[in-house]
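Below you'll find the structures, each written out as structure tokens.
Presented sequentially are two complexes of chain A, the first with chain B as partner and the second with chain C.
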Partner chain A sequence: MAGVFELVDEYEVTSSLTSINLGGGSSGSSGLNASIDSTYDTYFVTGSGAVLDGGNSIYLRWLVSGSEDLTANTKQWAQRAMYSNTSNEYRFYTSNYTELTLQNGTQAGENSAFYLYLNCFPESSVGSMVTVHSAWDHYGSPVGSGNRAYSRLGGAGDMTKQSCDGITIWSGSNFTAGTFRLFGLVK
Partner chain B sequence: MATLEELKTEATAEVEAAKPLNISISGAVREMNEAEYAQRIIDITNFKWQDQQFGYIQARQEAYGSIGDQLDMQYKDILNDTTTWKDHIAKVKSDYPKPE
Partner chain C sequence: MLEFIKKVSNTSVSSLVMSNIFSADYDDYLIQQTAYDDASSTNDGTMRLLDSGGTVITASEYYYAGENTRTYNNFSESNGVGETSFGYFGFQDSSTTTGVGMSMYVFKPHESSLFTKCIWQAQMGGGGQGRWYGGSHQVAETITGIQFDTGSGTVDIDCIVYGIKGL
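And then the complex of A and B:
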């Protein structure tokens, strides 16, 4: 039915993993062999209950034909990071990935959630874009002092006009929990 | 200010401490191979480098405080013939210097 989201790919962390691929065909983490293609209009990603075993950030990188796009400085991103106990800051870099969260902690109960819209991924004549909205908690060490909640709003764009068939969500640590889903908006 | 090589050493130590890092391809979980570990070290090094080079802008934005608070400082400085706002800005710039 047009206008509804259909589940395309899904991965639930049951053993420690440093990255989760959604889409990307046979490179996907789930074994569903799903790809981001022109079947759907916009794609939507949810990540919930994401827990890391180290004080690291969570990042997103584009997949091109199932492989990480490692081309230097092709992704520009701008986000506003809001902290519950202080003020806020802008994060803006050019790299080959974008941040989703910054310095997650490892205290019991700390976890992250994020929601992403993936636009123009299958189109080879334009650069693809990601809309980012994320939130996460800190309950102190190793990266903060005291309780605070964080939220991010912003986005990132691929300066290379190319077709992308998936994303990888990764960290410098292992995820020990989390559910990651890719939905497609039916045309 | 750390050099790129020093940041790579830091990133390498972090990745070594985090091992094993695992990935799942098509439902099969395995540890990263050497090339994948090497890429992860490059990624973390690059992030540290960018944060060092441009992080001062973000740190200053937070430390400056809101425009409203700064205007309040300036207003009180005019009333009281003080230099609170100027001193505050100078301290933020000093605390978060621009990399050479």
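And then the complex of A and C:
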């Protein structure tokens, strides 16, 4: 039915790993061989209960034919970094990834959550765009002092005119828990 | 996909309780506030969570941060550390009846080992501003519902809850 979100891919972390691929065909973490393609124009992503085993961050990269696009300086992103304990900041870079969170807490109960909209991914004649809104428990300073909630709002784009068939959610630490879902908005 | 769970409405109330809306059936939820208007006095709405027994959590356990995109001035920001509620939901001036629209995602409320995350966006006629916030209830416990409060006076209020369904 038009206008309904349909589940395309899903991965539940059951053992520690550093990245989760949603879509990307056979490179996908779920084994469902799902891809972002022209079946849908708009995709919606949720990540929740994401727990890291180190005070690291969560990032996103674009998948092209199931492989991470590591081409330097092709992803542009600008986000409002919002802090419970101090003034907000602008955060913007050109790189080969985008941040979704920064400096996650690792104390009991601390975790991250986010939702994303993905547009233009299947089209080869334009870039691939992501909007981001996230929330997480920050590790505090000194580390472990906790009691801070941070949030991000903004966007990121792959400025290369190419089709992207998935995303990878990754960290410099291990994910020990988390639920990640990719939905397509029925045309 | 989204599955409808419940719609709760009331008129001329200072709070709206939505109990037993979170369960093990879903990990995450979308809540749409489709009415928050006809305020009897100027107010700035807040939101609290309900624990496993359905009791409103009023302890200093709410942490949040966000941005206010204002039509009448430079953008502003607000935050809270150890507050007794999540703040900055629906602002209404008693002289206006133009309402509030709000969307909020609630992540893993039923998971007793995690801090529940809430991410909300709202646009309000009173004061002419958008609000973009993220927050964490920093006590690990099962959350079963929410309560919206005006803080002052009464409003008419409607809310719809959807579960985000996975495999």
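Descriptive notes on the structure:
Simple rule for what comes next: the second predicted complex is superposed on the first by the 178 of 187 C-alpha atoms of A that agree within 3 Å, B and C clash if a C-alpha of one lies under 4 Å from a C-alpha of the other, contacts with A are read in each partner's own complex, and residues count from 1 in each chain.
The working rule: a residue touches a chain if its C-beta (ideal position, glycine included) is under 8 Å from a C-beta of that chain, and two chains touch if they have at least 3 such contacts.
Quantities reported herein were computed from a predicted structural model and do not represent experimental measurements.
When both complexes are superposed on chain A, chain B and chain C sit side by side without a clash.
When the two complexes are overlaid on their common chain A, residue A:Ser26 makes contact with chain B while staying clear of chain C.
By the touch criterion defined above, A:Asn88 lies against chain B and chain C together after alignment on the C-alpha atoms of chain A. In the overlay built on the shared chain, the residue A:Tyr150 is in contact with chain C alone; chain B does not reach it. Of the two partner chains placed by the overlay, only chain B lies in contact with A:Thr18; chain C stays clear of it. In the superposition on chain A, A:Gly3 makes contact with neither chain B nor chain C. Superposed on chain A, the gap between chain B and chain C at their nearest CA atoms measures out to 8 angstrom in whole units.
Annotation: chain A residues 86-88 touch chain B in one complex and chain C in the other.
Those residues of chain A whose C-beta lies close enough to touch chain C in the complex are 4-7, 10, 46, 48-49, 51, 80, 82-88, 108-115, 133-137, 146-153, 179, 181, 183. The touching residues of chain C, counted against chain A in their complex, run 1-2, 27-28, 63-67, 77, 79-82, 105, 107-108, 111, 113-115, 117-119, 121, 132-136, 138-140, 164-167.
Residue ranges of chain A in contact with chain B, taken from their complex: 11, 15-21, 26-31, 33, 53-54, 56-57, 59, 68, 70, 86-93, 95, 97, 170, 172-174. Of all residues in chain B, only 11, 14-15, 17-18, 20-29, 32, 39-40, 43-44, 46-47, 50, 54, 57-59, 61-62, 65-66 touch chain A in the complex they form.
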